[in-house]
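What follows is a set of structures for review.
In what comes next, chain A is part of two complexes: it sits with chain B in the first one and with chain C in the second one.
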Partner chain A sequence: MEHIGLLDVHHLTVGYPDGGRVLQDISLHIHEGEIVCVIGESGCGKSTLLNAILQMPGRLHITEGEILFRGRNLRTLPREEVRRLRGTGMGMVFQEPGASMDPIRKIGAQFYETMRAHAPISRREAMGQAEDLLARLDLQDTRRILGSYPVELSGGQKQRVAIALAMALRPDILLADEPTSALDVTVQAQIVEELMRLRDDFGTALLVVTHNMGVVSRMADKVAVMYGGRIVEYGYRHDVMTAPAHPYTRALMDAIPRPDGTPPKAIPGVRTKKEFDYPCPFLDRCPYAHPACRTEKAEKIPIHGEHWTLCNAGFKGGAAS
Partner chain B sequence: MTRDKRFARWRLIILLALAALLGILCLLAPRLVPNDPYKVDLLQAKQPPGAQFPFGTDGFGRCVFSRILVGARVSIFSALAVVGITLVIGCVIGTLCGYFGGAVDTVFMRLVDIFLAFPGMVLALAVAGMLGTGLGNAVIALVATGWPQYARLARSFVLTLREENFVYAARLNGQSTWSILLRHILPNALRPLIVTASLSIGGTILGLSGLSFLGLGAQPPAVEWGSMLSDGRGLMQQAPWIVFYPGLAIFITVVLFNLLGDSVRDVLDPADAFHIFRKVKALRHRKGIPTL
Partner chain C sequence: MENSLRPKGHSLGRYALRRLLLLIPVLFGVTLLTYGLMFLSPSDPVEMLLQAQGIPVSPEVVSAMRVRMGLDRPFLEQYFAWLWRFLRGDMGVSLIDGEPVWLMLKSAIPRTLLLTASSVLVTVVLSVPLGVLTAVRQNRFSDYLIRFLSFLGNAMPSFLLSLLLLYLFALRLGLLPVLAGGSVKGLILPTLALALPMSGRYIRQVRAAILEQLGKRYVAGAISRGVRARTVLIRSVLRNAMTTILTLISLSVGSLLGGTAAVERIFAWRGMGYMVMDAIFMRDYPVIQAFVVWMTILYVVINLLTDLSYALFDPRARKGLGVRS
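Up next is the complex of A and B:
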């Protein structure tokens, strides 16, 4: 297939066993050391995308498409192979700080277990590596942290430890599900910096799911804007942020509070859950909707380089000013 | 550490010390007895408590005090064995059912339903009756009726734990299923189960004594508190000490182990980890403490 990157998602469609649809025709390519941010509102399928990539189906059901990791199809790979890829190939950070930690086991023990699941390692060696990782994440008192239980740490500390745990096996890509949403603003900024430093130090690619434009504008190389289970705009951060092409992206940008005091504009309407039956997911709320939008299926329209949008009207109507 | 917590810890230490004392007493019983607990001497029958026989003698002139000391071993250790075995069996079945689900889960849980539908003691009676008399069979009977409760409890904890993010994360880190079960699921589920187990020691002693009282437990010449009660009940009017002291021994031991269970719960109560304990409490409350 074209585009053999680190992680390639091709035309992924995901639903629930009862037929409900969550993601439709998602394509995404992440290269080594690249930071891709997926932004969108609650319920648009961001987290489902991560779960699908990690092959942790649970209740979801991949109906179409492929997920390739280093060119290997995760959907057809034997389970044991997938297990080996987890941790060493892909790491995961959750929104809730500390959610990835067992509440009754000391943090040091959890590092040791994670590392030992993939390669024989001595306890001392594991602790050394863990301390090093924690120090890179600006944590002081690393030895004490390794000897503590998760409850004994603050939210920011826990999230850093969680990131370090996910990084323990030096995965090629770190998937982060709103890693900063549950933290206060100063800590958010620090975590963002630290994640970017990890990329610089280890060359780890990042796929960050967020609804925070600040996070996107600080760290993203590329941005994927999701709405109603589809990617509606994709491109380099600079292109997307300075020349948003899709009406939804523009509405999102207008909804950012500004320091000059102009009140942020809310996006009118609510999601209808009927997006999957529409030719365009944003149809109901789109201020630029043409009559033609109701009949013609929204197509991927290239704008400039890798920048594209899923909008007939936005492009034709010259909305990409 | 808060004052409450420190107090709870001290209480646990004291109760554990008392339980240990009881255990030592059991182990050393043959050396501590003032009289031969098995020696029949009809001339000394039904002696009231006095200098030679601190708790008096029974209908055959045997020293009640010595018999209580010797019987403690059987009563307490077999109760501990019952609780231990039920805990292990219940945990294994419940954990596997909860984690893997599917057909195994359905089969075992329906079996559990059947077992729980009978009054525990009646079922134990039936099993002991079928297996025949004897202490070993009484233990088996109590285990057979006790495991479903633990299996059900363990399963419900595992069901909630399975969906926890840290279990998910462990899978994402590439840990194997067995490693997750042993390192994450079991230890988290075990704390509330240990509390349940320690709370049911008292009830099990009673159950075992009950079976012995009905003649299904320990057989003569083995001494057991329940069978002492049973032997002495005909003489209740003339020599009340024959039933009073074994009854007192059962009472004290049951109270001690119940307090111990409570105390274990207070100390282990993981306000800092999970609120699962409140669930145990509620479950036990709904079912009516203890098992038997």
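Up next is the complex of A and C:
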């Protein structure tokens, strides 16, 4: 398989045991230190993608495709190897600040537990490293925080602590599931800055799932637009945001409130359950759909460079106006 | 590690003291209520005593007995006379056989404590590991098997189980004595008769509590950091489920300490349940009153201990208690 980067997802299909699909034919390649944002509406499979990459236990099963971390196939790797990769190779930040922490154990103990799960380390040393990480995330009073319970911290503090916990073993890539959407707007901006600083400090690659265009435009090197369990457009941020090719991406851009007062336009229609059976997931809501879209499977159409879209309707770049 | 945000120790102590002070009005109300209910009930100790002896006695003798026992006095007077003596440490004597009530308690309470301790211990030892096991192996064979057995245990009333155990171990196998009689060997069967149905109930509740915790996001969080599943289970899940499990156990401890009428009867284990059944049957007011006081103190203290144990396990509960005091 080509494209050996830090994380390579090849033709990943994920579904429920009863056959219902959540992700279909997802391919994604992330290089060292790269920031990729996955954008899409709720329920499009963004979180599932992260859980699948980290091989989290659950009801969902990978039915097809491969996930390679540094060329190692996570689907065939022994479970103990996968466990060791979690935390050291790949970390995860969850949407709800603090949800990833045990509510009844002190934060220091959870740092220690995480570090101990991967290498022998003294408590004192673990606390030193944890304090250092917390300080890098602009937290003051780091010693007190380590002696606190999650409930004693504010939302922003919790999310920073959660990021620090995920970074405890300096993973090469951090998967972040809507890391800012549960936070106050001012805190959101700070968290975005701090996530980006992780790359500068540690060379950490980021795969950020979000539905916030602001986060995408601030952070992303590359953008993957998801709709109905498929990636419908992919490319460098500049290309995707200035020349959106897929009708859904265009609609998404038009739905952003603008400072000039242009009213945002809602995307007409609602998602259907049948989108997996359609040749194109956006078919029902697409203003540009033509008869051929109903019969021919939507194909990956290269635009230029790494920019491509999953659309047969013949829209190859150009402004949406 | 110092932590300025945690409520100081004294607030928890003050909270406990306040709860204990509440005992005073509660005790007053409860004893008055029981006294009133006994007064309203259609017969009195004299009648019951004479009935038990089966000898016809002249009405003069009956009323003389009533006067001697103080049963001819108005209700409130009787109650306050009892209360006054009780407050000075005199629980009175049994109206039936004249035995001092405190002596009766002195022999019954240790037996009940012993039976409670042993059956709760067996219950915990059986139900926590099995509950965890069924939760972790959800929907596999061992889960179904244990759940079926726990259903069986749960559905079986203690008295029936007592008889089955007696039949099997005492009559058929001759391993254990029929009557407990306060010996250690005699403790085994009543303990099982109480612990097996309780375990049946608890296995399911522990299973549910563990499953609930396993679905929490902090479990996913720990797994995503590469923490071993076993570590998460023991360090986090079990501890988080502990508050639920403790609540259940404290409820059982409360009712067990009140004595278990049926099981104590069947095995002739002369604990509180045995004592109070006799007392109620014979309308032995001082004994019943002493029992009610015992139960009230028990429930208040156990509830308090349970709440305090939440604070021990859960910093969120600690915060809650701290705010209130």
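In this section, the second predicted complex is superposed on the first by the 313 of 321 C-alpha atoms of A that agree within 3 Å, B and C clash if a C-alpha of one lies under 4 Å from a C-alpha of the other, contacts with A are read in each partner's own complex, and residues count from 1 in each chain.
Note that a contact is a pair of C-beta atoms (placed from the backbone, for glycine too) under 8 Å apart; a residue touches a chain by one contact, two chains touch by 3 or more.
All values derive from a computational prediction rather than experimental measurement.
With chain A as the common reference, chain B cannot sit beside chain C without a clash. When the two complexes are overlaid on their common chain A, residue A:190 makes contact with neither chain B nor chain C. By the touch criterion defined above, A:88 lies against chain B and chain C together after alignment on the C-alpha atoms of chain A.
Look at A:27: by the touch rule set out above, it reaches neither chain B nor chain C.
In the overlay built on the shared chain, the residue A:99 is in contact with chain B and with chain C.
Here chain B and chain C are compared by how many residues of chain A each touches, and C touches more.
Once the two complexes are overlaid on the shared chain, A:181 sits clear of chain B and of chain C alike. In the superposed pair of complexes, A:151 makes contact with chain B and with chain C alike.
Residue contacts after overlaying the shared chain place A:143 against chain C, while chain B stays out of touching range.
Of 5-13, 23-31 or 41-49, the chain B stretch that intrudes into chain C once chain A is superposed is 5-13 (criterion: clashing C-alpha atoms). Under the contact criterion defined above, the residues of chain A that touch both chain B in one complex and chain C in the other are 54, 56, 83-88, 91-92, 94, 96, 99-105, 113-114, 117-118, 149, 151, 162, 165-166, 168-169.
Contact residues of chain A toward chain B in the complex are 54, 56, 83-88, 90-92, 94, 96, 99-105, 113-114, 117-118, 149, 151, 162, 165-166, 168-169.
Remark: chain B residues 164-166, 168-176, 179, 183-184, 187-188, 191, 270, 272-274 touch chain A in the complex. Within the complex formed with chain C, the residues of chain A that make contact are 54, 56-57, 83-88, 91-92, 94, 96, 99-106, 108, 110, 113-114, 117-118, 143-144, 146-149, 151-152, 162, 165-166, 168-169. The residues of chain C lying in touch with chain A in their complex are 1-6, 217-218, 220-228, 231, 235-236, 239-240, 313-316, 319.
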